[in-house]
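Every chain is named by a letter (A, B, C and D) in the order it is written, and numbering of its residues begins at 1.
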Amino acid sequence: MTNKIKKIAVLTSGGDAPGMNAAIRSVVRTCAYYNIECAGVYRGFQGMIEGDFKAFNARSVKDIINKGGTILKTARSTEFRTPEGRQKAYESLKKEGIEALVVIGGDGSFTGALQFNKEFNFPVMGIPGTIDNDIFGTTHTLGYDTALNTVVEAVDKIRDTASSHNRLFFVEVMGRDVGHIALNVGVGAGAEEILIPEENLGLDRLLESLRRSKKSGKSSSIVIVAEGDKIGKTVFELKDYVEEHMVEYEVRVSVLGHMQRGGSPSCFDRVLASRMGVKAVETILEGQSNFMVGLINDKIQLTPLENAVKGKSKINKELMRVSDIMTT
Amino acid sequence: MTNKIKKIAVLTSGGDAPGMNAAIRSVVRTCAYYNIECAGVYRGFQGMIEGDFKAFNARSVKDIINKGGTILKTARSTEFRTPEGRQKAYESLKKEGIEALVVIGGDGSFTGALQFNKEFNFPVMGIPGTIDNDIFGTTHTLGYDTALNTVVEAVDKIRDTASSHNRLFFVEVMGRDVGHIALNVGVGAGAEEILIPEENLGLDRLLESLRRSKKSGKSSSIVIVAEGDKIGKTVFELKDYVEEHMVEYEVRVSVLGHMQRGGSPSCFDRVLASRMGVKAVETILEGQSNFMVGLINDKIQLTPLENAVKGKSKINKELMRVSDIMTT
Amino acid sequence: MTNKIKKIAVLTSGGDAPGMNAAIRSVVRTCAYYNIECAGVYRGFQGMIEGDFKAFNARSVKDIINKGGTILKTARSTEFRTPEGRQKAYESLKKEGIEALVVIGGDGSFTGALQFNKEFNFPVMGIPGTIDNDIFGTTHTLGYDTALNTVVEAVDKIRDTASSHNRLFFVEVMGRDVGHIALNVGVGAGAEEILIPEENLGLDRLLESLRRSKKSGKSSSIVIVAEGDKIGKTVFELKDYVEEHMVEYEVRVSVLGHMQRGGSPSCFDRVLASRMGVKAVETILEGQSNFMVGLINDKIQLTPLENAVKGKSKINKELMRVSDIMTT
Amino acid sequence: MTNKIKKIAVLTSGGDAPGMNAAIRSVVRTCAYYNIECAGVYRGFQGMIEGDFKAFNARSVKDIINKGGTILKTARSTEFRTPEGRQKAYESLKKEGIEALVVIGGDGSFTGALQFNKEFNFPVMGIPGTIDNDIFGTTHTLGYDTALNTVVEAVDKIRDTASSHNRLFFVEVMGRDVGHIALNVGVGAGAEEILIPEENLGLDRLLESLRRSKKSGKSSSIVIVAEGDKIGKTVFELKDYVEEHMVEYEVRVSVLGHMQRGGSPSCFDRVLASRMGVKAVETILEGQSNFMVGLINDKIQLTPLENAVKGKSKINKELMRVSDIMTT
């Protein structure tokens, strides 16, 4: 391995996700393995601007592999969107002797990283971390698998009370632009209907589906609703609408909210984070950069950051069919 | 044991709670142990009116001790509030040869049971099941301990994301009339402030407390808010108020909702349910009735239903002091 | 879809695994969707011999998607290994009007199914269910993902006590022939060393590795040991050996055992089971058979049962490298 | 409050238990509340001898309330059993200006603390922390409630596989001298038989009970065995014995082991720890000492350490009756 790089920095940016700490740990330990210095940057790009760095070694990342959130904290930085902000960030890195940057985050973070790379020819690598799984170039983002389990367990709990009371529940889950969480949890929790951004089921078909379910003898129902679903109503409006049109149902709403983001990462997310961290550092050490590390066909593979940012994560059509069959 | 009773019925009523199934199982198995017939009544008092009974034996309650919700379902019955409804219910029970009734539920359910007892001199026993722990005559209602764990785990998850983003969260938890869940979870999750129905902290003191916490170097905060808190604002209004008065904080809201009711009961709730079921049946077999079975001083003890209904569950003052010390 | 088949049977065989119930549910609901009859066979091939069938419809599989184990039970059948046994099984199926069979199980179950198919030209389909993930033709068997989470959570708990006492733990996990669980959990739990069947680390290198870890300041250590590891000693002998050669360490052993098999399936396993069940039934309805349904490159794909039985699941070499880097 | 004490030390000793960190946090934060200095002592009495102290303030105990194990570590100290060792420990404390000591641990730790108090008239307070709940003067020790949940969840998982295979399992749980865990988990998990140190069921009655259970149609069974049960056989010998005498049963063994000690504390344990820490410090500040803080009749109460050490925790007779009724 040609290895001229002496020091790498790692930061987390955008919404936090379980597995980010495991990825930080992997970056740090891989640097240690290759005798490279590693700096942790606090509070994402904003911390980079302010020079909020700390030298990290294997001991710094002790006992974090199973912790939710990010020990490096994360923040949105409006200053980094300005040329002046990025200039300051560049100077901070130079001053610190940092020669490459690993950004753990989502779409927006990668866009910022790419812009930074273009302006200063500074090597960057991306590790996709977001529970929404809305990033092109990887079948799984860090935190997504954990969030699926968190949400499916919450819906199992809601099912307990729904079936005790013969109620209908609209459960809102995360997913503004993509329905990965809604679709998978909907299938995994045996939901009666699933509303996702990729498809507008329509109010009529929703009612029809609920009526069919009721007629078939089901006494309780769960409808999973992605935040960004296209039916054009909030979960609270859906409740009112259904109560108006199906008097036989007592309807309740549950908005799962931020608890979906937290928690100890699943084994899958911890392993994926470890694999991605190794690949990110090794790619830099091989003299390459500006890639996102992703999981494609169950293998760790690189996608140019440019493509990752432009591309769109697509919903699994086969799973939509499975969902139709399971909910009929 | 003088034992003239031949058949006992059991029902669940009001909001469901983890441990109700374990209590049903205990009632049924205790009847089997004493060679008494047992009938399960579906959908609470409404099912009693409609004669929705089923003979239950040990096999009927197989594998339910660890299930949330209630296999007997629960429903609110407006008909049972009328003399005609109760008359029908009485006839149903007579027709079925049922001679005593065990009601697993909350305050409202006990009021109904007591009224029924008075009108028809029909022996009833109460087992307190509700996550709110708002019943006089027992330090713990069924489901309360489980709910504490469910809520504290959810708040732990929210803490992950709160501290990653340096945010303040208002987390609304169940408790319309009493603050048991809020107070215990607040202490257990290390919340910075706790708002309960028993006390009006006041907006000024809330702000002051948050400012002190911020000043002391805390970068994130969790405020636990009981549904019925007395500060006079919803969690969403609290968010707006604090954001207006403390510009340095990004505030978020999480309403935990119905997932608090579900889930597999804790070991404590399963054991308590088993103890209560035995006591309820044995009390009937001893020729007594119209008591609620409760846990007092760690022992299973009886309280006249009359008192249980009139009395009020009180917040633990010592724990409020502990909370003050822990959050300062 | 050409559809001459009128009735399909489904059974579970071999060791149980989380997700088997979700797969049963999917087979049954897919049959319902296509208006095909479906029979559940109890206790695997033995139940098939004895004609232990039951008509299954959508209601029969209500509320099982999130349950561990298998409602159809499983058993090993020595009788099915004889031509007479298989003849009886064939007659049972014929008598019942069953025209195709879906077998959810592992390697041994598929071998039996294949033999049965060859002798009677009876259409069979396989769905891989086993926590060991030791089946060719799928990157994930049902139950594997759940087991990873169960084991990693148990090891997290052991870590708590290991680091409180500065102890070394040998933790034995399932995996007689393959080290998938050990390797993934080892990486996911941040173990200091991992012993798998695919590699003989050797006692010297183990000691060396533990000494290096100790020297680097680590005060506690976890070594994950697959049941079938090649080092030639049981976990109890390993304990004695290390205590003899590294007096500075207090060593403890934990054999996780059968709890690894149980529990509510992860969202991943529930979704995978749903996808596999649909594919198994649709393949039969398309007039094909004798395939195993698997996940390859994140897509549901078919592998001839013949190949599935002959092939070998291989350990991920890239992950072994990651593991080396993470544990150095 | 008369308050001449200026500095308090806190240590954990004996086996670790969930909730110890919450208790450390409470002691530290209560000291901060009363403007008292607080020192953490690492590795129990051994660290006290070696002067392994660290000044602790509110920030030192950030984010530990929900962590298993003990950040102060724990160790057994043979040196502290000698007068010389205790003399050194006393000098370490004096040198550091420490005027009172809070010991979080079990029976053995309290005996040491009491001896130390007698020799040097040094004020000590005990907080009972051990999962075994084997301490006189409190209905609940720290970690006990958490362990009950950990164990009951593990047994639920074993039940999944037991009932899928129609097997009998002997599950060994912690409890060398007392059967609290075994009895409560046995009832909570719906075990068919429970073997505890307080009672010798006898092999004949065990067989009889298993045969009755089998005859009643139960196809699987769980027997919970406390480590210190009095039947005179290990779980492995029990397996052999039963297999020999009941050929119809496939028997398996599971020894749950050290995972029972770890994990995030339950809400109950976190709250109890917070209450106990406050009381321990306030008692010292009131000029009293040599008490153990306990929970009696649901209230925080003091028991002279002398009595706590001499007394014996007793099994709940009423629960044993409940267990008999539930398992018949």
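Heads up, the rule we're going with is that a residue touches a chain if its C-beta (ideal position, glycine included) is under 8 Å from a C-beta of that chain, and two chains touch if they have at least 3 such contacts.
Treat the numbers as computed from the prediction; the structure is a model and nothing was measured.
**Q** Hey, how far apart are chain A and chain D in touch steps, shortest way?
**A** 2
**Q** Just the number, please: Cα centre separation of chain A and chain B in whole Å.
**A** It comes to 35 Å between the two C-alpha centres.
**Q** Averaging only over C-alpha atoms, locate the centres of chain B and chain D and give their separation in whole Å.
**A** Computed from C-alpha means, the inter-chain centre distance equals 28 Å.
**Q** Whole-Å distance, chain B centre to chain C centre, using C-alpha means?
**A** So the centroids are 39 Å from each other.
**Q** Would you give the residues of chain C that are in contact with at least 2 other chains, written as numbers and ranges?
**A** Residues 156, 159, 163.
**Q** Tell me, which pairs of chains are in touch?
**A** The set of touching chain pairs is A-B, A-C, B-D, C-D.
**Q** Would you pull the chain D residues touching chain C in the complex into a rising list?
**A** Contacts found on chain D: 12, 15-16, 18, 20, 43, 67-70, 73-75, 150, 154, 156-166, 169, 219, 252-263.
**Q** Where on chain A does chain C make contact in their complex?
**A** Interface residues on the chain A side: 25-26, 29-30, 32-33, 58-59, 63, 65-66, 139, 145, 148-149, 151-153, 156, 159, 163, 184-185, 187-190, 216-217, 264, 266-268, 270-271, 274-275, 278, 297-300, 318-319, 321-322, 325-326, 328.
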